[in-house]
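Each of the next two complexes has chain A plus one other chain: chain B in the first, chain C in the second.
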Partner chain A sequence: MASKLTTSNSAGWGFAIPGFGLIALFIILPFFFAFGLSLTNQRLISPNPTQYVGLRNYRELLDVAVITLKPLRDDAGALIRDEDGNLEYPRVRDITRSDEYPQYSGMREWFRWQSGDNAKVVIASDVVFMKALTNTLTFVIVVAPVQAGLALLLALLINQRLRAINVFRTIYFMPVVVSIVVVSLLWRFIYAGNDGLLNNLLSTFTFGAWQPVDWLGNPGTALGAIMAMSIWQAVGFHMVIWLSGLQTISPTLYEAARIEGASGWQTFRYVTWPGLRNTAVLILIVITMQAFALFAQINVMTSGGPLDSTQTLVFQAVERGYGKQDISGGATISVILFVLVLSISLIQRWLTRERA
Partner chain B sequence: MTMAALAPENRGLRLAVRYLVLILVALIFIFPLLFMLMNSLKPTEQLLADTSSLRAFLPVGDLSLNNYVDAFRRAPVGTFVFNSVFVTGVTVIISLFICSLAAFSFVFLNWVGRGILLSIIIATLIIPFETIAIPLLLIVSKLPWLGLNGFEIGWLNTYRVQIIPWIADGLTIFLFVQYFKDLPGELVEAARVEGASWWQIYRRVIMPLSGPVLATAAILKFLVMYNQYLWPLIVVQQESYRPVMVGLGYFFQLNVAWGEVMAYLSLITLPVLAFYLVLQRAFIASIASTGVKG
Partner chain C sequence: MKRLAFLAGTILVGLAHSASAQTEVTMWYHGAGNDVESRIINQIVDDFNGSQSDWKVVLESFPQLSYNDSVVAAALAGNLPCVLDVDGPNMPNWAWSGYMQPLPIDQAVFADFLPGTKGIWDGKLYSIGLWDAAVALYARKSTLDELGLRTPTLDKPWTGEEFMAALDAAKASGKFEYPLDLGMNDQGEWYPYAFSPFLQSFGGDIVDRSTYLTADGTLNGDAAIKFGEWWQKLFADGYAPGTSEDPADQQTGFIDGKFAFQWNGNWRAVATMDKVDDVMFLPAPDFGHGNKIGAGSWQFGISTSCPNPEGAAAFIKFATQDKYLAAFSDGIGLIPSTAAAAAMTKNYKAGGPLAIFYDLSKDQAVLRPVTPGYVVEAKIFIKALADIANGADVADTLDAAADEIDSDIQQNQGYGHKG
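Up next, the complex of A and B:
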C-alpha cells in the first residue's frame, strides 16, 4: 500500500510515537542501561558519586579457578588419614587467604573431586552466584524439553474427536490462568515433609512402606520439586500452542496416511511432526525464556535454600539489586542472564533449522 | 486389524480407556485448586488434620466462611483487591488504545522510519522483563512527575509505577499488526478518498472490525497485570498501593493461619477462574494466537 493516499509522516509518527516512546523508555532504555550499570558501582541510594569500575563486577561474579591440593604428610613422609581413613588436605582458606597466591584472594570452595591422592578443588569468587547459574541452567535444560514434550502429549490427547473433549481442554489449561504465586503456596502443602499430600499419596500406594521426604527442605529434591510444579502450572499454555499447530495440518494428509496403511507412530513421524516444526521452535524458545526467568516460585517456596540448592539468577539479581540495593551487581547478573537467554535461543534456532 | 473390524464391545472398551486417561490427567490439574477451595471453608486445625486423607478434597466437617471474615480482619484485603483491579483495568484499557494506534500506523500508513521502528519493537520480544527489572527500578526511582501535589521526583509507591511501564509492549503491538495485515487495505483507501481523517479511519473503520484482536490482547494483558508479583514487590512498599499477590505477605507473619491463607487465595483466584470459565474459548484462542507465525 505504498500509495500517495496513505503517505503521511506526521500522522504516522504521531500515532506510533506514544507506543514506541513507552517501549523505548521502559524496555529499551533499561536494557542498555543494564550494560552501562554493570560497569559501575551504582547503588539505589548512595551518598558517594557513582564510579566506573570496568569489568570488576563481572570478575567478582565469574572468576573461577581449579587448585590442586596435595595430601598432608607427617614428618616421616607418610600420608595422614583421619579416623575414617580419608586423606587429609590443607585447608582451602590457607591458600585463598595467603599472600603467596594473590590471584585466589577472596575466593571460596565451590566443589571438589579426588584425583589420585590429590584433591582438585574448584574455587569461585562468588559461590552463591555459581550455584544460581548452574541451578538456572539445570532448570532450563530439564524443563524446556520435558514441558514441551508433555505439552505435545496433552495436545495429542486433546486433539481426539470425542464428546466433551472441550471440557478436558478447559481443565488442562486452568492452572495457566492461576497466578504462579498462588500455585507455589498451594504446592507447599503438597510437598510438605510431615503429612504433605505427596508423601501421603506415596505412602498409600506403597502400603506404608514410603518414608516421608521433606521435598522442599532437602537440597537433593528441592529444585526437582520446583521443576515439577512449574511444569504443572505452565504445560497447558504450550499445549494450546501445539494444538493450534496440529490443527493447521491438513486432514487429507492423515487420510492419505490411513489409506497407505501407516501405523500410529508412522503417521506421527511422517505427517504430524513435519507439520509441527515451526511450532516446535517457537515453543522451545518461549519455554526457555520463561524458564530462565524463574523467580516467584523460589521467592514463595524456598528463598533459594536449602543450602543454596534453589538459588537462581533472577532471584540473585533481585536479592542484590533490590534487597541489598546493589544496583550494579543486580544489573551485572541481568546482563549475564540476557546473554544466556539470547545464546540458547540462537542455538535452539540453529539446531532446529530447516535442513536443505 | 482396522477399526471397522473391531467388535462393538472392543470399541466401547477403547472409548472407556480413552476417557479414563483423560479423567486421570484432569484430576492432576484440578486437585490443588480443589484443595484450596475446600480448605478455605475449614478451620485451620481441621485443615491440617485432613491433609492425611481424601477428606482434604471434600467439603466435610466444620464448614463456614469464617476464614474469609478473618482474612479481611487480618489484612486490608479490600485495598489489595481494589489496587489490583484498578491497576489492571486502567493498564488494559490504555494499552489497547496505545498499542492498536501504533499498529494502525505501522500497517496502514506510509512514513519515514516505520520499518526500522517496527523492527526495533519486534526485537524487544526477546528481552525478558526479569532482565530489565533492576535497571528499571533505578530509572523509575528518579523519574519526575507533575501531579496534583505539584512537581515531584520518583515513582516508587504509586499507582503510576505499576501502570505506565506496562502499557506498551512488543507482543501486544505485534498481535495488532498481524491482525490488521489481514484486513482489506481497500477499506482504508476508500475512506481516504472520501476525505476521512486518519483518526476517523482508526476510530470508525478499523476499530469496529477489531473485536477478536482486542479480546485477545485484553485477555493476555489482564493475565499479566492481575498476576503481577516481582515488579510491585520491588517498587511498592506502602500497603495502600499493594496489589493482591504482594499482599499475601501479610498472612505469613509469626503464626500462619492456613485457613485464612486458603480463603485469601480462593478470594483472589476464583474471580479469575470464573472469568476464564465463562470466556474459555476466547482465553484459549488468545494464547493460541501468540503462537501463530511466531
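Up next, the complex of A and C:
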C-alpha cells in the first residue's frame, strides 16, 4: 500500500499538494500556534511581554470542586430561615475569597443541590466555560441523532419516482444554500416574543389559547429554539448524502426482496439499512463535528444569553480571544474543543467499525 | 498619429504630476452604510485634497459593527492606516498597546472643544472628536401633559422616584406596549455608554477611578447593588422590553408609539423630530448622585506606523474646522465640539431644539473609564447587565463581574496604572 502511494505517483501528489498545502497552512499550522499560545499569557494586543505560564490557562478553565455549606444558625444554635421558610447559607464568595481556602480562590458557584440540611455547591473557576461545555454537548447529543434521522426520512421520501419530485428536493435543500447568518436573522423574527410568526401560528391553531412565549429571551427555551432552527437549516445537506447512499444500493436487491415477499419494514431493515452503513458513519461524524462548531446562530440570535443558556465553546473562544483580547484563553478553548471532537470521533469510529 | 502620441503624453504627464505632488495619507472610517455620514466625510476629504498640494487623503469606510475588529487585525498585521477613527473609550487601549501616537498638534488648538471630545491618555492628547454624542429620554409633550407629569429640566431633573412614577403612569394608561425602551437588544458598546451613567448616578461605577486597579467595592458596592435591583425591576415588572427585543424598535418603536419613553442617543434625534412633532428630549433622571450621561464618541487619531504624521495632522486640523463640525451636527444630530460650531447649527444654536444637550454634555457628561482595560471591562459590564435584566441574582452577578475585572487587570499587570 505505502509503496503504491509513494512510488511513481508524482501526478497524484502534484494534484494533492495544493490542497494539502492549504490545509497545512490554514488548519494544521494554526492549530500548533493555538497549542503554543494556550501555554502562554499572550494578549491580542498588549505591550507587555508574553510569558510562558504552563498549564495555567487549562486550570483556569477546567478547575471544578464541590464544597459543602452548613446552614446558618443563630446564637441559640437554631437554624435561621428566611420569610419563605428556606434555610439560609453563608455566601459562596465568602469562602472562595477567604484566605483559609486558597485552593478555591477565584471560583464561582456553578450549581448546587440539597443534601439534608447542608447544601452541596459545585464551584468552578470558569462557570461560563462550564455552561458553554454542557450546552455544546447537549446540542450535539440532541442534534446529531435527530438531524440524521430526519434527513434519512426526507431522503426516503424523495427517493421515489414521482412527478415533480425535483421540486421537493429543491425545497428541502433550499435552507442549506442560504447563508446561516440570513437564516438566523429570519428565525429571530419567527421566534419574536410578542408578535413573532411562531407565536401567531400557535395562537391561531389553538384559537387564541396560546400564551406567547419569548423563545429566544427565555433561558428555558432559547437553546431548544436554536436546536430546532439548526436542524431545519442543515437537514437538507445530510438528506442529499443519504440520498446518494440510497442510490448506490442495487435495485436487484430490492427485486429479490420483493420476490421473497418482504414487507416495507423488512426491506428497509435488511436491504436499505445495511446498504447505508458507510453513509451512516460518515453522516454521524460530520454532524457531530458541525454541531460542535456551533457559532453563527449564537452570534446572531442570542450572544450566548439569556443567562448563559446558549453559550457554546466556539462562541466563547471568539468572545475571549477577540472581545476580551485574551487570545491565549481563546486558544485554550480551541485546543480543548479539538481534543473533545477528536476523541468523540475516534469513539464513533471504533463503535461503528467493521466487525470481522 | 502624432496627435495621439501627444495626447498620450499629456495624460502621462498629468498622471505623473498628480502622483508625485501629493503624498497619500490613508484613513479609515467607521461609517460605511450610513449615507449622510459618508457624504459629509467624503466632502471633507475632497475639500482637504483640493485645498493644498502636499497631501492626498484616501478614505476607506467600514461598517461600524466590524470596525474595531478590523483595526485590531490590521494592527497585528502591521497594516494600519495613517488616520484612524477610534471610539473614545477604546483609545487608551490602542495607545497603550502602541498602535497610536500622540497628536503632533498643540493642545491649545482644541482649547474650546468639549471635554468629551478630547481623547487624553497619560497626559497626552491622542485623539480629537468632531462631535460628542449624548443620550436623552425621548418623550412626547402630549404624553407628559396627558399623564400630568412635570417637565424635567437640566437644573431640576426628575428624581429616581419621579421617574418611576412617570413609568407607572404610562403603564397605567394602557396605551403603550411598554412604558420605556432602553434598546436592550444592542449588546455592544451601547450598554456601558448608555447605562453606566445610571450606575454612576446611583453612586457606583464600573471601576474605581482613583487607581483603575480594582472594581471591587465600586461595581459591587451598596450603591451598585441598589442600582442592580432597580435595573432588574425594570424588566421583571414589565417596564421595559428585555434583551430579546426587536432591534428595529430602537429605530422606530418610539415613533410608532409603542413606548412612552425611550432612552436613545441624539444621533436618532433628527430622524425622530421629522416624524414626531412634539418630541422632547429630557435629561437623565437623578438617582441621588446627579444626573449623568455618557460622553466620548468617535474621534480621529494617528497610528504609530504612519509614515507621514504631518500630513495626518494637517488633515485632522482641517477636519476640525467649525463648519465641518456644524455639518456633521446638522446631518446626524450630534453635538458639535465647539460653541462656535454649535451657533452655526440648526439644532444646537441658542434656543434650538437640542441646545440643552450642548450644556449637558459640557457640564455633566462623564467619560467611560479612561483605561486600556476598559475594552474588557465593557464586555464584562455588558454581560452583567444583560444577566441581571434576565433575572440573575444581583449581588452575585455584580460580585462575579468585579472579580473578573480585577483578575483581568492583574493579568495585564495593571494596564500601566500604578497604584
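Definition applied: the second predicted complex is superposed on the first by the 333 of 356 C-alpha atoms of A that agree within 3 Å, B and C clash if a C-alpha of one lies under 4 Å from a C-alpha of the other, contacts with A are read in each partner's own complex, and residues count from 1 in each chain.
To be clear about the criterion, a residue touches a chain if its C-beta (ideal position, glycine included) is under 8 Å from a C-beta of that chain, and two chains touch if they have at least 3 such contacts.
This structure is a prediction, so every number in the text was calculated from the model and none was measured.
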{"item": "First, second, both or neither for A:11, with chain B first and chain C second", "value": "first"}
{"item": "Chain B versus chain C as contact partner of A:142, first or second or both or neither", "value": "neither"}
{"item": "A:202 touches, of chain B and chain C: first, second, both or neither?", "value": "neither"}
{"item": "First (chain B), second (chain C), both or neither touched by A:305", "value": "second"}
{"item": "First (chain B), second (chain C), both or neither touched by A:322", "value": "both"}
{"item": "Chain B versus chain C, judged by how many residues of chain A each one touches", "value": "B"}
{"item": "First, second, both or neither for A:172, with chain B first and chain C second", "value": "first"}
{"item": "First, second, both or neither for A:44, with chain B first and chain C second", "value": "both"}
{"item": "Touching partner for A:253 - first (chain B), second (chain C), both, neither", "value": "neither"}
{"item": "Partner chain in contact with A:108 - chain B first, chain C second, else both or neither", "value": "second"}
{"item": "Chain C-contacting residues of chain A that also contact chain B", "value": "44, 189, 192, 322"}
{"item": "Chain C contact footprint on chain A (complex, rising order)", "value": "41, 43-48, 93, 97, 106, 108-109, 127, 189, 192-194, 214, 216-217, 219, 302-303, 305-308, 319, 322-326"}
{"item": "Residue ranges of chain A in contact with chain B within the complex", "value": "1-3, 5-9, 11-16, 18-23, 25-31, 33-34, 37, 42, 44, 154, 157, 160, 162, 165, 168-183, 185-187, 189-190, 192, 195-197, 200, 232, 236-237, 240-241, 243-245, 278-279, 281-283, 285-286, 289, 292-293, 295-296, 299, 314, 317-318, 321-322, 327, 330-331, 334-335, 337-338, 341-342, 345"}
{"item": "Residue ranges of chain C in contact with chain A within the complex", "value": "69, 72, 75-76, 93-94, 96-99, 177, 187, 241-244, 246, 375-376, 379-380, 386-387, 390-392, 396, 399-400, 403, 407-408, 411-413, 416"}
{"item": "Chain B to chain A touching residues, read off their complex", "value": "15, 18-19, 21-22, 25-26, 28-30, 32-33, 35-36, 48, 51-53, 56, 98-99, 101-106, 108-114, 117, 120-121, 124, 126-139, 141, 164-170, 173, 185, 188-189, 192-193, 198, 202, 223, 226-227, 229-230, 233-234, 245, 248, 261, 265, 268-269, 272-273, 276-277, 280, 283-284, 287-292, 294"}
